[in-house]
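You will see two complexes here that share subunit A, one where it goes with subunit B and one where it goes with subunit C.
This part shows the complex of A and B:
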């Protein structure tokens, strides 16, 4: 009974902010915002948004960087898995995944900027080698968003690899390989014809989370993305920060459009998956391709994949020294490879204000993760007992829906509430984003746990 | 067609397992039974013949299929099919597509589906063509799994305790079915089991001792 109460509580804690978030975006998008005295429903926000000159360009950039980075990360992930799963090298990849995933992405992106911008390290090195600065193609703020696309893809690949690990363990790749080999398929063909169609549908939620994130990302896009115009999520964020509150409906309309765009893209991805994996699936059982001499090529493919995984996983970590040097640089003129004067000034100046910020972050992280872990365990125990759990689709809504849309909705409501319990609201909204990850991460462990172990334990009293 | 093994010994790097030497010859349509307790290295021998031996194992001696040495041939080119304990039908393909997966590339287009359906007709299971493996019975799955192997036109077949997970009456029927098919296709078969009832009438048997360092030919 107590278990059921806790699950209901979790469900309420989870659904309430989502409803508030969506409601708080939809209402102002149609100019209904009583706090500001807007009580007449209208399409003004949408019209103002459509009147924005760079709108279609900005939407195209969002589509290109969002979809492109997802597909690129997916390809990289598949290549690495195909070549390295069950090889000696996989253990190294596994060990690298955790530190790479734990690295804050803003740190990674700032490191990228300091290395690759027009006066970054790479440009300095090229300058010394005698290359003209104009020949150097900058991927920072480039107008096509290529830098943003690559950055997002590098950032997402480790996540997809981590999620694939559980999927592949469940699929029992070794056995599939043996069956397929006994039917005449070589390992390469087995990965494409057999494992790919089994793996992809199981990775669906992770792919949608990556897509949703890439379409709606603000911080990374601000630092490294195109800015004339910027991606749509950045544009909406700028609209929200507009001092003229009369224009808030425009921002809300934008947030809602971003939400709809994300939903449309995910439906499109689901359709493509259905088309390739389920409907037009002849390619999966077309038969063994004639066995050409591929042995040498297989070896070099393996080496290329190892290099690719090293590059992708070590690259973010390589940004740390760059950040460290910049943080103590006082004087660093352009072509110099290293600063001419060092100083701890920035650290000393910032340490005090940072201290309180960091304590806040730590407390916040602790509260939200701890409560998320406790409630996720409660929900999983409940499912184990009664075979009824939270729907995975509901759980992933905060992972997939654009943060800017949801959080804006919540913010508008919180401002209308009396009192200043911001701590409560802040930890609650953090919890909303932590809970799905914790729940899904623990989900595999609970699923693979054999109930019979429990029964045996009980029978032994 | 014959599968034969001469002076085959298998050992692992830690020296925990050492089996052989094996010397046997299986003629087309014959079934050789390999008996022994678990841990005696039965599956290891099958893995060596199929080419799936883990890197920590090594072997000496020769594996021959139709007088051709298989030692350096990669697993997918050996033309040796394995029937496992589990049916291992692919869950994402329906029954006829599962069968089509194994048909050689020389059969193309619509002929692939026709070939698969012909097999289902022979089994009187044609109504299952569009079902998925989770929707059909264990006995049906076992037969379809065997037919999928045969569709790939193997030159030898390894049976890795294929009857041990079926219940008693199913077990008898499926065993008869497998033996008939092997006779019909005239291919050599090596069967691993620990149930005496599985041994075909007048079939020859090798028993493996659980103790390391020994492998006796009876």
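This part shows the complex of A and C:
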């Protein structure tokens, strides 16, 4: 009973802000904002949005970078898993995953800019080797968004790998491979015909999270993405920051459109998955086809995959030296390879304010993740016991729904509540975004847990 | 059930009444308080100051100001860094929507122009308060300190510093910089790829367009009256036609052929230092000196203005209507307007932001501002800035 109460509480904590968040964006999107004296529903916001020059271009960029980075990360993830799972090298990957995932997106992207921009480190090296600066292909702010796409894919691959770990453990790959081998499948075929169709649906929610993030990301896109025009999420963010408040309905309409776009893409992904696994499933049943060529190449494929995983996982960490040098550089003019003057002043001046900021972040992270872990365990236990759990769709909503679409409404809600408990509300809003990830991460472990163990234990009293 | 509803209604209206009464009481007491009463009330308060956080020099200055305020008045000044003060306008609007008329999260804002116009229009500001500040008496009334982009300030914001749109160049690489927008075009055509401006609607980018329009249009008196679109589209089109004609030609020979623009004024300074641009843009007439000191520019960099003068505006400090620490904010604003704080701010090795005080205010001090302002050009009505930025996006943003 207590368990049930906790689950209901979780549900309430979860749904309330989402409803308010959606309400808070839908109302202004249809020009209903009494504070500004807007009390007549209209489509003005939508019309203003549609009249925006370059809107379709911006939407296309969002689609290309968001969908492209997800698919690329997924391919990379599958290649690495296929070649390295259960090999000795896998332990190294596992150890690398944590530091790579812990690196903030923004730090990684700033490192990229400092290294790869037209006056970054690489350009400086090329300059000294005698190459002209104009030949240098810039991936920073490139108008096709390729830099943004690659950045997102690199940063999302480790997340998908981490999520796949639980899935593959649950699938018991070794057994599958033995059975497949006894039926005459070579490892290549086993992975494509047996493991892929099992792995993909179980990774579904993680993939949607990656998609939702890539479509709606603002900070990374702002630093490295195209700006002529920018991706749609950045555009909406800029609209929200427009000093002329009468244009707020346009921003709200944009936030709604972003939400709808994300939902549509996720439905599309679900359809593709269904097509691949249930409809076009002939390839799964074709049986053993002897393919000696592939078999011979497995060794070199393995090496390539190891190189790929090394590159992907070490690449973000390579940004750290650049960031470290810049943090003590006082004068570092192009094309100098190293700063001409060093200074500790940034550290000295910022250390004091940073301390309180860091303590705040740490406490906030601890509170929200601890409460998320506890509540996630409760919910999973409840599911284990009663075979009824939170709908996975509901849980992924905060991961998938663009943050800018929800924040204005949530902000208003928090101000309506009496008192000044900002810490509480802040922790709550963090929890809302932490909980789904924790739930997803633990979900696999719970699923792979054999209930019969409990039953046996109980039968033995 | 009916009874319950009735009771509920009574409770709600009572609590509303109480809060309104309390709010009114607080407002009148603070407005009638003497300065020493305000100082007492301010002691121990923390002032959350929402200010643009994009400049290391300014952030450092505010850390210094906090130390002084803590020592002298027991007031803590906390800078809440924002990338654009419009974020705060947004936040205040959310608070207003939620009827949060007390204990707001923002105590003080750094604003001017469009954001002031918006906040004033929707009653998001506390005041008038400037007459209460002792240091208001020392303000140089020859500067436009009571109008903000043609809008009357009505005592709702106190002047803090002076911004002038000027250019930076490196004397070593450039002997004769262009002195007007007409010369700038010829210059850009002679040095393709070496000229650019921050992408509107970024503040500096929009200001660059306004300055260009002031020089290029035949009829610049209309720029000082509000423009209402789409009603006055014809007037807008005829006034801005020369600007678009000019930009078509300038963008074609600009940095990256006008397919990319810098994101900020700070980036133009960096691009100047890296040799990618020949001119950088800034609203601080002493930016070059401060940047040299900070290691961001070479020693031979210098600031100058076009012959027509520099687009000039005052930047202000204001207090939201629902601020929690109003007394603290008043003390902080008064301190930031003091000769000591203004002289420190005008120090070109620190920030170099020109003072809004009379020269006589610095009589007793050994250090004071060692520079004079450039001839000034007044800011057009804020509605023009908005309209030009939007039209720029429509033309060049794809």
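We take it that the second predicted complex is superposed on the first by the 425 of 461 C-alpha atoms of A that agree within 3 Å, B and C clash if a C-alpha of one lies under 4 Å from a C-alpha of the other, contacts with A are read in each partner's own complex, and residues count from 1 in each chain.
Convention: contacts are C-beta pairs under 8 Å (C-beta built on N, C-alpha and C of every residue); 3 or more make two chains touch, one makes a residue touch a chain.
In this text, all values refer to a predicted model and were calculated from it rather than measured experimentally.
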Joint occupancy of subunit A by subunit B and subunit C, clash or fit: fit
Which partner reaches more residues of subunit A (counting touched residues only), subunit B or subunit C: C
First, second, both or neither for A:422, with subunit B first and subunit C second: second
Subunit B versus subunit C as contact partner of A:119, first or second or both or neither: second
Subunit B versus subunit C as contact partner of A:179, first or second or both or neither: first
Partner chain in contact with A:53 - subunit B first, subunit C second, else both or neither: second
First (subunit B), second (subunit C), both or neither touched by A:343: second
Nearest Cα pair across subunit B and subunit C, whole Å: 47
Of all residues in subunit A, those that touch subunit C in their complex: 33-36, 52-54, 57, 118-119, 141, 143, 227-229, 238, 240-245, 248, 329-331, 333-334, 341, 343, 346, 349, 352-353, 408, 411-416, 420, 422
Partner subunit A, residues of subunit C touching it in the complex: 56, 60, 63, 83-87, 89-91, 93-100, 103, 105, 113-115, 117-118, 121-122, 199, 201, 259-261, 263, 270-271, 273-276, 294-296, 298, 386, 393-395, 397-398
Subunit B residues touching subunit A - in the complex, by the definition given at the top: 50-52, 74-77, 79-82, 84, 88, 90-93, 97-98, 100-108, 112, 148-149, 152, 154
Residues on subunit A engaged by subunit B in the complex (per definition of touch): 175-176, 178-187, 193-194, 197-198, 201, 277-278, 281, 284-291, 295
